[in-house]
Amino acid sequence: ASDTLMMATTTSTDNTGLLDYLAPHFEKDTGIKLKWTATGTGKALKLGETCDVDVLLVHAPPAEKKYIEKGFGKARREVMYNDFVIIGPKNDPAAVKGQSIQDALKTIKDKQSAFISRGDDSGTNKKEKLLWKNAGMQLPDKEEWYVQTGQGMLSTINVAQERGGYTMTDRGTYIKYQSQKGGDAPLIVLVDGDAVLLNQYSVLTLSDKNCAKAQHELAIKFSDWMAGENAQNLIKDFRLLGKRLFIPNAK
Amino acid sequence: MTAVYQLKNIRHFYNDRKVLNIDDLTIEKGSITGLVGPNGSGKSTLLKLLIFAERPSLGEIYFRGKIELPFSKAIRSKVTLLTQKPYLLKRTVYDNIAYGLNIRKDKNDVIRRIKTALSKVGLDFERFAPRKWHELSGGEAQRVAMAARLVLEPDVLLLDEPVASVDMESAKLIRNATLKACEEWGTTLVIASHDLQWLFSISDTQIFIFNGKIFPTGVENIITGPFETHNGNQFIKKLSDGQFLVLPEGGKGKTAALIKKKNISIDQDKKQLNNGFNQCEGTITSMFFEKKKERISANIGLNDLSFTLNFSPDQISRLDLQPGKKIILTFKIDHMEWM
Amino acid sequence: MTAVYQLKNIRHFYNDRKVLNIDDLTIEKGSITGLVGPNGSGKSTLLKLLIFAERPSLGEIYFRGKIELPFSKAIRSKVTLLTQKPYLLKRTVYDNIAYGLNIRKDKNDVIRRIKTALSKVGLDFERFAPRKWHELSGGEAQRVAMAARLVLEPDVLLLDEPVASVDMESAKLIRNATLKACEEWGTTLVIASHDLQWLFSISDTQIFIFNGKIFPTGVENIITGPFETHNGNQFIKKLSDGQFLVLPEGGKGKTAALIKKKNISIDQDKKQLNNGFNQCEGTITSMFFEKKKERISANIGLNDLSFTLNFSPDQISRLDLQPGKKIILTFKIDHMEWM
Amino acid sequence: MDDIVAGIVKAFELLFSGDESTWTAVLATVKVSTCSMLLSIGAGLPCGFLLGYYEFRGKQHLRTVLDTMLALPTVFIGLVVFAFISNQGPLGDFKLLFSLTGIAIGQTILAFPIVTAITATTIEAVDPLFKLTLVSLGAGKRNIIATCLWEVRYGILAGAVTAYGRVLTEVGISMMVGGNIKWHTRTVTTAIALETGKGEFANGIALGIILITLAFAVNLSLSLLRRQ
Amino acid sequence: MDDIVAGIVKAFELLFSGDESTWTAVLATVKVSTCSMLLSIGAGLPCGFLLGYYEFRGKQHLRTVLDTMLALPTVFIGLVVFAFISNQGPLGDFKLLFSLTGIAIGQTILAFPIVTAITATTIEAVDPLFKLTLVSLGAGKRNIIATCLWEVRYGILAGAVTAYGRVLTEVGISMMVGGNIKWHTRTVTTAIALETGKGEFANGIALGIILITLAFAVNLSLSLLRRQ
């Protein structure tokens, strides 16, 4: 039997179809079969902690660093990024269009416009919480206007659409959402472009101390392959609706 | 007298098997009708039709001149049936008897009436009212079911084997309760039973059912097959002690023939007779008194067959009839009818 | 003769109510024992103990000298019980009768044996074998249940009201089948029935049960309460026609008393007697022939009470006894025993 | 395994520290499951009775359809209900999306076939003699329904308890229709799903234990009622 | 509403175009649900019989516990099974995580209480006379079990069909234990969850319809068997 690598990853890489696109190339190049389970970032990290997978592909840099410090992860390799955007209804009731991210959040809070948060401690959610902190505000919780869905990105966008509220999403998922709405989505991008909105994806290999039985060699091969020229080019060429979803940035 | 029931051209089928075949039957108000007949003859089926729980496959049943539908108000509050196997609801005896009253929203003096109903079937209120349905013996359950019908003071009371597995004392009580219902409330009764003695002590008229057909003249004597052909067109029934009966022509495919009581004569000894007669020896097995008709009914066994004949007290004395005695029955072959 | 059952100091309770109280009872191999007694006296309970379906609350039952447990091999394949309410499995008649054979893994000539069993209860194999359990009349179901027991050719056959709701012809067939079982297979039989005539025509010994106690001398005559006190220590039982019976001392809290048949004498007219006697008028309601004992059993009604007495054919002729006739019963007060 | 132990400890903590978000979820669960059980029993008992009591053409087919409805995936029900009550759906104006009412509607659809199917089977097993007895005592159609259902109450209770277990533990409908919105439509099960997704397995187990405790409390009261 | 229509169309497309990933998921679902139903019936029938037939001390309590087990959330079962079969769990060496076998174990735990509870209730409703009749015909303990179960087969079938519906539609266990790995442990329900998560509602509905069709096929065969 050929070698099989078990990976845990976040839903965004799977839902966008990126992995379905990359896996055959990986198998062709290395002879390794890639299997993955797509879950929330938290659960993905947990599966690494319990050694039920061999490698991780996630996007929550602070949590990843802590993970390595705690001795669960060994090495972290940045492979690609996309960016986060604030989206909202076309009529933009709080008038945040074009504002800086800090100002936009402040305005939303001041006007008590509905803001839909994933509230699931995912990479995206962690980033959002950071943004509220950066804007100098306490993290909202029980406020009426602050809706925490505890669901995936697309579901959260759908809630925002139904509620006519704002939300923060990664651009990939937004493009997917747009495509589902036939290109004319009720929610549009209102705030983007800030450096702080970068969404970095990394491959994490596991500590061989914690997980002696994990397939470290294969994991390193995967990590190397993802950072390699071939994969980076493939990522660059991956498009949905003609739009690029991820920008490779392996060093 | 007014008719409570009129049945016209009733045919009833279970899976294409005809089980009832009644062209005409009238049951008068206040009468007590006894249903007699072998197992499977259709007694229970007839009672089920009379309470409109089933509709006859063909024909009409008029209740007080009207064709009623199942669940019609006229039937529900007036007619009640004691089923052959008594079935008690999974509750106490008290609640079982109270059920019919509750349905009628009749809250008047309930406890006393239940007490009365129980005493009519010989059960003590204090001992039995609080018992659960399964804490009863077979006969007790039967009597509780009977009490649950009596408490309703129905206009029509249909009883299917009310005294099977009931002890003698209680059978007597049930008879009295039944007669009283008839007197006090003018209840019309139809009673199916195999206990002929009991049934005859209570009913005014008896209907004999055989293979779903009724013979309203009282108990006839039935000769059941198998038959063998004899002398070309005649048939014979062999008895196991070597005797045999000759039956008339026309019995092809028939399963039974009938001979009326009045056509049978009794002798102490065999006589010389011509060809047209059957003569055979039987033994009196039992005798009982029909109070209503002041006559004595005697059961006479002819091997596998059994005949019932009626006698006046004088006849009994004169012929010195008593159970265990052998007698000779004589009847004309032509008097026998195929059924 | 060997004992099949020996019961010692049996006490059986249902919720603290004592329903059986048998100090000693032996049932011999090959005997036919009739159980007689009013409803709720404990007949069915006794039969359930005899098949070890229930264990007595106290006391021991020896089956062939050994105390057996429920489901013991010795019981399972040898003893079978016909329950009071016949219960058929939800399958065809054929499968119902075959069930017991299947359990025993007895595959020998099954169809023929089922045919024989059915014919023993008077049911035609072709017509009835393929019927579903619910496509039967009450009596037919009862007879199918009986056939399912007969087909097993059991060593011990316990029958609980086998002829309730069975027609006369079939009752006769069942009697013959029972007697044949006893003869051919040496089956031991215990039969509970309210049909005394039928039961007496079949059983060798009769056990009378009353309130859970047995009186093994045959049918005694029972006088049931309520009683009133009389003359200080004596009691009286009032009959509804104004007559009354005087009962001896010691009846406090008792519900019934007993008078043996042999202690009752019969007269045509009342005589002058001293104080120590009861004398009362009764009516003969029915008479039947006890084949086994060559005697006649007569049922005599005293209003609510009923007595059973035995006569020889001569006595009957001499006294010109016949159903419907009034006679005088005389017996000593001191011969009455409290139960 | 550590997570299980940690979960048990955590369950006590959550319950006894009076953790507000937990209690809100428990309350939402209780509300919504009670409501949907009442509705599904209200509709399921009569339907089950009709299906079990009467013989009619096509009954067998109806039973097959009903049995198939036992296998409606919750997400599917969620999707269909969503389609009806979303802003663009025909019932969008009632604003049922992301509300407990919406969840209750979906759960009623989930529980109804269970209640109906088990009621029907139980009623079918009723002795025909029982029906004849009721008729013979003068029972009308309503009396028969009521008495029949009462006579087989334990069977029906078993059906209801099964349906309750299903309703209490379903995630698909609550997630899809309710939206798992914290402080509003988050139920215990959606909270479990969330915690599990976060990798907080101990929390998931703790919430699971809380849900089971809730079910236990309900079943205990039923069993006490039953004993009377 | 459009999604529903689109879903129906899509369902036919998926089924008749022989879409490989769909068929793989259907196969996985069939395998795993058959396996777990066999196991849970095998264990549940005898347990249910014992619980329904015999009277013993603490029976009522056991019933309450069993009824509570009807309300085991699938995610919870998933978590607990995970804890046992994960690499660090006591059964880690059997490599059951992310396998169909693992899912089947979890689903057996899910279905077992349903089969057992309904069997017990059905057996409890059996006429005491029935038992006495069997004894009187010489039935041993095994005969009684077999005949009793056969006599109440429709009740048991109803329980099994209910359990089957539960197993067929559950997501929590398949997701947690199976991991929803494409070509391997993806079942129809986890596929529905995935599609729904992606916002592909029409796909979700299409897969739902496929699952229901599967259930319908099974129930139809059962009902044909039943009629015989």
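Each chain gets a letter, A, B, C, D and E, in the order it is written, and its residues are counted from 1.
We adopt the following convention: a contact is a pair of C-beta atoms (placed from the backbone, for glycine too) under 8 Å apart; a residue touches a chain by one contact, two chains touch by 3 or more.
Keep in mind the model is a prediction, meaning the values are calculated, not measured.
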Reaching subunit E from subunit D through chains that touch each other, fewest steps: 1
Contacts common to subunit A and subunit B (chain labels): D
Centre-to-centre distance between subunit E and subunit A (centres being mean Cα positions), rounded to whole Å: 35
Centroid spacing, where centroids are CA-atom means, of subunit B and subunit D in whole angstrom: 54
Rounded Å distance between subunit C and subunit D, as computed from the means of their C-alpha atoms: 55
Interface hub residues of subunit D, defined as touching at least two other chains: 127, 193, 196, 201
Contacts with two or more other chains, residues of subunit A listed in rising order: 155
Numbers and ranges of subunit B residues touching at least 2 other chains: 85
Chain pairs in mutual contact under the definition given at the outset: A-D, A-E, B-C, B-D, C-E, D-E
Residues of subunit A defined as touching subunit D within the complex: 39-47, 49, 119-122, 141-142, 147-151, 155, 159, 162-163
Subunit B-touching residues of subunit D, taken from the complex the two chains share: 127, 129-130, 132-133, 135-141, 143, 147, 151
Subunit E partner contacts - residues on subunit A that touch it in the complex: 6, 11, 14-15, 20, 35-38, 50-52, 152, 154-155, 157-158, 176-177, 180, 211, 213
List of subunit B residues in touch with subunit D within their complex: 48, 51, 53, 70-71, 76-77, 79-83, 85, 87, 89-90, 99-100, 103-104, 148-149, 152, 158
Residue ranges of subunit D touching subunit A (in the complex, touch as defined): 86-87, 97-98, 175, 179-184, 186, 190-191, 193-194, 196-201
